[in-house]
Every structure is written in structure tokens, then in C-alpha cells.
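A quick write-up on the structure given underneath.
Think of it as A, B, C and D in the order they're written, each chain with its own count starting at 1.
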Amino acid sequence: MEFSREKLKKTAEEAFAVGKDHVSLGHVAEYIPELAKADPNAFGMYLLDGEGFSLGLGDHEKRFSIQSISKVIILAASLMLRGFDGTFSHVMMEPSGDSFNSILKLDTRSNLPFNPMINAGAIQTVSLLADSMSFEDLLELSRRLCLDPEIILDEAVYHSESETGDRNRAIVYLLKSKGVLMSDPEKTIDIYFKMCSLSVNAKSLASLGLIISNNGIDPFSGKRLIAADHVRVLRSLMFTCGMYDYSGKFGVRVGVPAKSGVGGGLVCAPRGPMGVGLYGPALDAFGNSKGAVKAMEHLSRTLRLHAFDY
Amino acid sequence: MEFSREKLKKTAEEAFAVGKDHVSLGHVAEYIPELAKADPNAFGMYLLDGEGFSLGLGDHEKRFSIQSISKVIILAASLMLRGFDGTFSHVMMEPSGDSFNSILKLDTRSNLPFNPMINAGAIQTVSLLADSMSFEDLLELSRRLCLDPEIILDEAVYHSESETGDRNRAIVYLLKSKGVLMSDPEKTIDIYFKMCSLSVNAKSLASLGLIISNNGIDPFSGKRLIAADHVRVLRSLMFTCGMYDYSGKFGVRVGVPAKSGVGGGLVCAPRGPMGVGLYGPALDAFGNSKGAVKAMEHLSRTLRLHAFDY
Amino acid sequence: MEFSREKLKKTAEEAFAVGKDHVSLGHVAEYIPELAKADPNAFGMYLLDGEGFSLGLGDHEKRFSIQSISKVIILAASLMLRGFDGTFSHVMMEPSGDSFNSILKLDTRSNLPFNPMINAGAIQTVSLLADSMSFEDLLELSRRLCLDPEIILDEAVYHSESETGDRNRAIVYLLKSKGVLMSDPEKTIDIYFKMCSLSVNAKSLASLGLIISNNGIDPFSGKRLIAADHVRVLRSLMFTCGMYDYSGKFGVRVGVPAKSGVGGGLVCAPRGPMGVGLYGPALDAFGNSKGAVKAMEHLSRTLRLHAFDY
Amino acid sequence: MEFSREKLKKTAEEAFAVGKDHVSLGHVAEYIPELAKADPNAFGMYLLDGEGFSLGLGDHEKRFSIQSISKVIILAASLMLRGFDGTFSHVMMEPSGDSFNSILKLDTRSNLPFNPMINAGAIQTVSLLADSMSFEDLLELSRRLCLDPEIILDEAVYHSESETGDRNRAIVYLLKSKGVLMSDPEKTIDIYFKMCSLSVNAKSLASLGLIISNNGIDPFSGKRLIAADHVRVLRSLMFTCGMYDYSGKFGVRVGVPAKSGVGGGLVCAPRGPMGVGLYGPALDAFGNSKGAVKAMEHLSRTLRLHAFDY
């Protein structure tokens, strides 16, 4: 990185302020009752560079549900378990241009979900794991990849998910009916709901981002957690598909591998090594954290983190 | 770049051989009569690094029609003329997941085309230019950006395009009917057809790629041809949307900003500076040059050109 | 018919009053400038039984543009010229469930338009005629089928249509691009625009309805104008597809072969013989005349005209 | 009816022969394992006129599963229980132009299913009943409307349905997720699967058709089984939506209210009174019995049963 720690700290604080300023323009997700309880004004940010620098701002310790960000962990698990070909013979890698819970393309263009970053694709990817890994195994993996042994299943969110997750249940049965689902639909969807209900904070996400940025190696222990080849896949798909149907715009305006969740979380893995985790439950129309997107826009522009800024 | 000229030369030759080997698996485009006349076995490649290295292999001097690669030049022209906001208030920047000539999303999801790299989006972008720039102006710009004063309008292709381009004509009238087209439909479509009919070769494309890779500056004259801010936009959209509905897969497997055309051309602008131009009219099912994609896969993997290989 | 002329007259007057009462709930079509000039309060009705009974109410002499009702005449012409198989090998006979100007199904389900009562299907049907019949021939046929020698081309509407008919122009080029259009696109669309611009009144439509109801025979002259086999086809398609995406509901609630136009016209051909023509330019959300639909609902219910009321 | 019993008998025998001749062009449904076991050459027909005439031909006593024909009984039940408005405020009455198990329109055009004759609409209609009527109540009603006390639940088919009915399960959860389903999804889908698994024969269907043709009255007992207003609704929707995406063509070519099932059954309720039940498990591409459609074409043409042949 071409910038000093001072510049990093100063820019992060500015970015936090910019993000915080935009929080009031967003709206907390309402389609899962438990999410609707979040404080719309909450905003937190955590930044790590893997060489000892760390900075937590605002509500960076506040726990919230990981939601769609678990799709990154699910994909990592499948790459570990089944490899690249064993994964992508069951799910595609194209951005869909549709919203996260769309089934249109699944029913008109292809029997395979378009990519693992939308609901249909993540559910399908869980089905690749469900006969070999239990939820507990995936929880353990999540803790490891987020360097956060305190991640737990948020039972209230989980029950909220599984009671109101009818569209996701429709998706799993549609996949089953097309003959592509690789495990039992109820087992699959249960693990999926649980993985959406993991309780993380901005620091957990920053750590996940750092490991992805640092080529799969935990910089603190020196241990490799994800194969380099798989990290490249994660980064590419986070870049092209990580921000729902705002991915293209985020790719132009911010330009870093990222994944958002409707719980308000955002993980970013720019070239660095650097990991950024953000939390702001007030969402924009695409389901991304309003403040987190704005904060990253400032951070990327000022520190020239854009992947295509060379 | 971390590799020597020797390695570069050797790898390029290997990549060329790999690409050449795959040519027989593709099929020449048939929907425009003039394209169907291409030699399916033709294959050429040109590589430039901006510091004096250049290498031409196979049919690298063979002229062919630029087709969709002109979408990059059209977008560059609009960014120059109208700026970022003046362009993207009229066309979106999302990958669509649909084929290059799809009108589905245009008629169901949004009145604005999804991005400037698909037909609807490029036609719309031409309409942003058509009242200020003539085709001759755009031809002149194309020559400048490709460092190739010999680019001409291939009249046979142009007539072939305009006679059989009924779907594109349907698109321009659909855009007009939605009230978003910014110029006269016949004027717009005529310029679009002409821009698809520019006669280029692998070297022209390599030069275009080099300028985009070199941050918008012609490394030979030192002159800035495209603003740095606009180059970043071009690269990002080439990455997410440049290879039709294979863009996501190309992003994972090759990972460089690229744009293909059904005439068999491919331009790549990896980190470098480096420009690669390829020609192989035998296409895959997505409309991309079969050999060119395979050659780039080898080149990117061996030289570690992948944007997310950091 | 089981009812007396007195009952017929009384019911028609009631139906007219019911229709008139609903006029204020509709809105005049605005997408063609010339249509927007219509008086939203206008309402007229004409009824004929072929045995000497006729009744004109309200604005029954007011001329207006026939719009989509000409689709019935276009289909009749094609059946005469090319026969049943010669017509329906080029256009389907399925209700589409989509709006009148939809192209979705045309681009996803089938290369042939779903039926001759939607724009795409009527344009396609015109292409079956355009090399054998001039607009003047079709005008002459229209006059004959409507028993109205005074039908003329409304030049103001025609120019309004052809200037703003971009979506229809998109449709004709889409049909051309799919290789199904059977004549020149510009010639085809020009005849289509002219056929939409015929100037009729409620009496013209009542006469058209009467002839269709009377098995194709002009009851006044005793001359056969349409073959009996073709009349059955017209009635069936008017029943299943004649009221845009309200056809199913109209089929349940009113239950007579009918065709509406966005100029405010409605022709009905119930079992009788009976012909009903209505005019009310204030339209509902589906593009049907608000008052005319309500009037027919009353008429059908009271006189038991419903095709499935046996 | 204008024809003698002799003509009726003779024509029915001819129609049976025509249908039988076409049986070999169809294919037995394979998506439910139990259906795949049917004899592709089986063909039966039963005809009743309510005035003592009855005729059974071929495999008219053979029992098979009612499948989609139960949608008519489900709609009748909802009209009885909730009335016209209480039913059609929850399901639309438009033909969809899509296949019987389509969810496209449900997810793009409307939250309510397009009509009660497609899977989504029938499942939705079951949800209107499920809190008031048990399956046993519906079985009892089915027996009454088919004048067949021997109708039972075919357990093998039911288990086959419920094990492989993943797409229908997807539909019920999609309806739930849209907030329109009116009962518990599992309870609803279970009743739906059971209703598809009723074991009927050609005579049961002929009786159902006769009652619908005879204005809702059982001609043998003189008892009214369905209100006249509801019969008109059933006939209309059978006409516009009863034959999947072949409904429009059947409406033109045959022209009688009808409903088919993928078990090979077909019920017809022409003007008469007359009821026709057919059985031929070899289906055409739309899911209708190949032989039954051909037989009805002959019967309707010869006896002039077409609703729009007046």
C-alpha cells in the first residue's frame, strides 16, 4: 500500500463520517420481523491491515445477523470440499442483473442458479455441502474465517427466518423439481436459514475481508485458511455479484470485492492486504447498507483501492 | 510486471498455440451474411507492452470488422462528450445476465438499457452522441484510440449489417417508444451499424487495449487520449459486462478487462501496461472467439494477469 | 331471441344509462396525441337485430378512430385471402394474458405472435395481406363489412399514429428479425397504422357485429360477406382474445364475442342475430371503454346473451 | 339438439375411431412415476344426454387419476362456499398463455394466480377451502358431481404426487411468500395432491360434464347440484383456460367448455344437455389427451356443438 497509517486512519475516520451522514436515507429491512427491530441509526466500521493496524469506529462491536454475507463462507466451504469443478458444475458464475431472491432466470434461462451470491445459488451450494458437513461444521468454519470464536447462531433471527422464509422455501423446492438440488430440501434450507442467522460484528467481517485480501492466509498466525486459487474465485464473484443488482454500479464506483447482507453488514477485501467490515442496518433500495456503501466509496476513492485503478 | 520479455514472448507463443488448437471447436457467426464469409481457421494475436515490446502471431494483420468492440469506443466518446453523469443518467451499468441482443430486461425491468456493452445500451449511447458527433468524428476517434490511421468503414459489412439488422432496428424503436432515446432513431442506428463495420486487425485492438491499460496515455507519444477517471470506468464495465453472458465466467477464469465482438475480435487491457488483441472468427455459444478466450486463459494464468490475483 | 322488441329497447336504454354513469371513471387514451383530444364524456350506443329493429342512443353518430377493432377486419381479410391454414401457420390463436402491445412472449415463448387480436399478431396478419391487397382494398372491405360507405381514413389520426407508433415499429422489425414477417416492414406497418385510423361510428360497429352474429350474411341484402367457417373463427378469437388482458374477465362477466379499441369503440356479436356498437373514449386500465363494458354487462345479464348461459 | 339419437350414436362411434387412431401419436406423462405406468394405447369414451341416452366405448370403465380435472370441482366448491366475489378476489380469471405449471406471471405480473385452471390458481383456490372443508368433504362433493359413489383416493398416485410434486410445493410457498395464500401451505398442498389423485373413469367425467351442461341440475334426480350462476362461470373458464396453453386453439377448433388432466382424462360440457368423458393417457405436447382432443374435434364438427356456431 502506498499510504501511511496516518493517512489510513484519517481516511477511515472521514469515510465513517460520510457513511454515518447517509444512514438516515436508508430503511431497515422489514421482511424478516427480527431484522425490523434494528436501530436504523446504528453505524460501525472496522479496519485491519494485517500488519498490526486496526481501527474500530462507532457501533463496531454491535452484533447483528450475517445474512447474505454467509454466502461467501458457503462458497468457500464448497470450494474446499468439492473443488472448483465440483462446485461450478452445480451453480453458474454469471451476474444475473436480477434481485437477490429472483427466480425468473432459474425458471426461464437455466436450470442452474446464476451464481452463488444470490439466494437460489447459495441454497444450491448448501445442498452440495449438506450431506458432508453439519451446520456445526459450518459454524466452526465461519468462526475460523472470521477470526471470531464468539460467533453464535442467533436463535431469534433463525426462528424469524425459518418462519417467514417462504420464498426461500419455494426456491429450494423449485431446485428440487428441476433435479439439480444435491441434498434433501428441508435439510438444505434449514442449514441455509441457520447460516443467515450467524451473529457477527464489524470486526468479524473485517477479519474475513482481511483473510480474503491476504490471499487466504491469516496474517496473525501465518496459517493458510483458504487456498489461493479459491481466494481468487471468491474475490471475482464478490466483485461481479456481491452487491445484488447494484454490483455493476459498485464495481464502477467503489471497485473492490465485497459482499453485503440485509442485516446491514458489508465485508470488503481490497488489494492491501486490508479488510474492512461495516455495519449499518439502514438499507438502500437494493438491500445494501446505505452508509456502508457511501463510506466505502470515500475510502476507495481516497486511498485508490479500486481494482481497476492501475 | 514481474516477468521478463523472454517469458512474455514464450508465454504468448504458447497461448497462441493453445488458442489455435481450439479454433476448430467454434463456429463462424452466420446472422450477418458478410461475417459468414470469414475463414473459420484464421487465428491471430498481437501483444504490446508500451515499453517497446511487440509481438504479432498468426493472422495478426488480417482485417476484420470490429463489431461489439466498438462499444468500448462509443462509451469512451460519450464519457468525453457528456461526462460520467451525463452518460450514466441515460444508460445503466449493471451486467444483465442476458444475451447481447436481449430486450427482455428493457421491457420488463427498466426503461434504460442495463449497460453500454450490450446492443441496447450501445445504441442508446450512440444516441447521446449523434447530435454532436458525425460518424466521421467517431471514425477519427477510433483511429486515434487504436493507433491505426488505416481503419476504414468496411462497406460490404456495413450494408450487410444495415440490411439484416432488424433486431437492432427493433431495439432503437423500442428505446424511442420508451422516451429514452436521445436522437433520431434512423440516424442513431445508422451510426451504430457503421461503428460495427470498422475494419481493424489484432494490432489495432492490442493498441486500444494498451491505451486502456496504460491509464489512457499513448505510451509512444506520451499524449493522454482518455481521462484517467474514464479509463477506470471502461475497465470496470469491460470486466463485468464485456464478454456477453460469459462475462462472469471470464471474470473468474481470465480476470482481465476485455471486450469481444462477433467478428472474432477480442481486446484485453490487463494490468501492465499491456495490450492484447486477438482475432479468431470461430465463436463459442456466447458469441466470443473460441480461440481467443482459450489463449487469454493461458496467458492470464501463466503471467498472473488476473485482476484479483493479488 | 326470447325477448320482445319492447324488452330489447327498454334494456338497451337501461344499459346505455348504466354505461353513461360509468364514463366519468375512465380516462381518455393519451399515448397517441390525436386520441387525447376526445371528449371524455361522450357516450353512444347502437343496436341492430337484423329484422328491422335499430336503436341509436347518445353519441351514436359521432365518428372516431376504429383502432384495434380493425384487427377483426384484418383477420377476416386474411381468412378470405389465405384461408384458415394459410393464416394460422403464421400467427397463433392463444390468448396471451399480456397487454395488447406486449412483446415478451414473442421474444421468449414463440417466434409467432400469440393471436391476431394483439398488436404483434395483427401486424403479422397485415403482412400476410400486404403483397396482395392495398390499403384501398382493405378500406373497401371495411366499408362493406360495416355497411358504411362513409368510412374514411382519418388523416390526423393516421399521422399521429405513424409519428408516435414507435413501439409498433419495434414490433414489425422484431417480427422481421425472427424471419416470420411475410412482407416489407415499412409497407406492413403503414397499412396497419392506416387500418387503425379508419373513421367509424357506433352504427358502423353495430353493423359489423350484426354480420358476424348473423353468420356472415348481410341480413338487409341477403348477401354472404364472410364464410360461415370464418365467422366461427372470428367469434371464438373475439371471445378469448378480444378485450386485451381483460378478455377472461369479460368472457365470464359478459360472455359475448367482442373487440375493443383504444379509440373508445366496442363491437359485440352475441347470439341473436344482434349487433351492438358502442362508443365511449374514457377507458379503463386495460384499454377498454369503461362505459361500453358496463353497458354490455347490463345488456348481457338482462337479455341472457352470455354464450355459456344455456 | 337438432340431431337424432341415431346420428348421435353413429357420430360418437366415428369420433371414438378417429381418437383411437391418434393415440399412437401421443406420449404418456412421465413426470409422476405412477402416471408413467398407464397403457399408452388405452382409449375410452362415454356420452350422456340426460334424457336416457348413454354410450360407453372402449376403455370407458377403466379407472385413472383425475389430475387437473379436479380443478373444476375445486372451483365449484369455492363458488359454493365463498361465492363469486369471495373466490375471485383471491384468484384472477385470465388465460395466461403459459403452461399449466408456470410461475412466470405469478412472479412478474401479479401476486394472484391468473386463473383457477392452472396449478397455481387451483392451489390458491384450495387454500380458500382448506380451513372449512376437509379432503373427505371434497371427495364427497366429487362423488356427487360425478354421480359416482365409487370415486376413491388412489393411494399409489397420491404418494407419487406428494413425493415428486416439488414444483407444486414451490408454488404453494411462493403464494405464501406473497401473502396471498389463505391457509397453511402444507395442509393446502396435501389436499391439492389428494384431489389430483381421485380415481375416476370416462363415465364419471361424462356425468360431471352433463351436470355442467344441464345448468347444474342432475337430470336423473332433478336435484340442483350447482347454482346456475356458478355453472356459467365454470363453463366460461373451462372454455378460455381449460386446455392449458392449447385452450385458444381448442376454443377455435372444438369450441366447447372442457377440462383436461395429465392422467389422460377430458371432460366436455357442450350445449345440449350433453356430457362427454374421455380417457386416453397418450398426451400431446400441451399435456392434453391426443386421442380425446381429436375425438372431440370430430364430434363437435359433425354435431355442430361449437359454442360459436350459431
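Just so we're on the same page, a contact is a pair of C-beta atoms (placed from the backbone, for glycine too) under 8 Å apart; a residue touches a chain by one contact, two chains touch by 3 or more.
These numbers were taken from a predicted model, which means no experiment stands behind them.
Contact with subunit B and subunit C alike is made by no chain in this entry.
With centres computed as the average of Cα coordinates, no chain lies farther from subunit D than B.
Averaged Cα coordinates give subunit A a centre that lies 55 Å from the centre of subunit C.
Inter-chain spacing, taken between the CA centroids of subunit C and subunit D, is 32 Å.
Centre-to-centre spacing of subunit A and subunit D amounts to 48 Å, using the average Cα coordinate of each chain. For subunit A, residues touching at least two other chains, in rising order: 108. Pairwise chain contacts in this structure: A-B, A-D, B-C, C-D.
In the complex of the two chains, the subunit C residues touching subunit D come out as 92-98, 105, 109, 114-115, 213, 215, 232-233, 235-237, 239-241, 245-249, 251-252, 255, 257, 271, 306-310. Those residues of subunit D that touch subunit A in the complex are listed here as 103-104, 107-108, 166-167, 169-171, 173-174, 176-177, 185.
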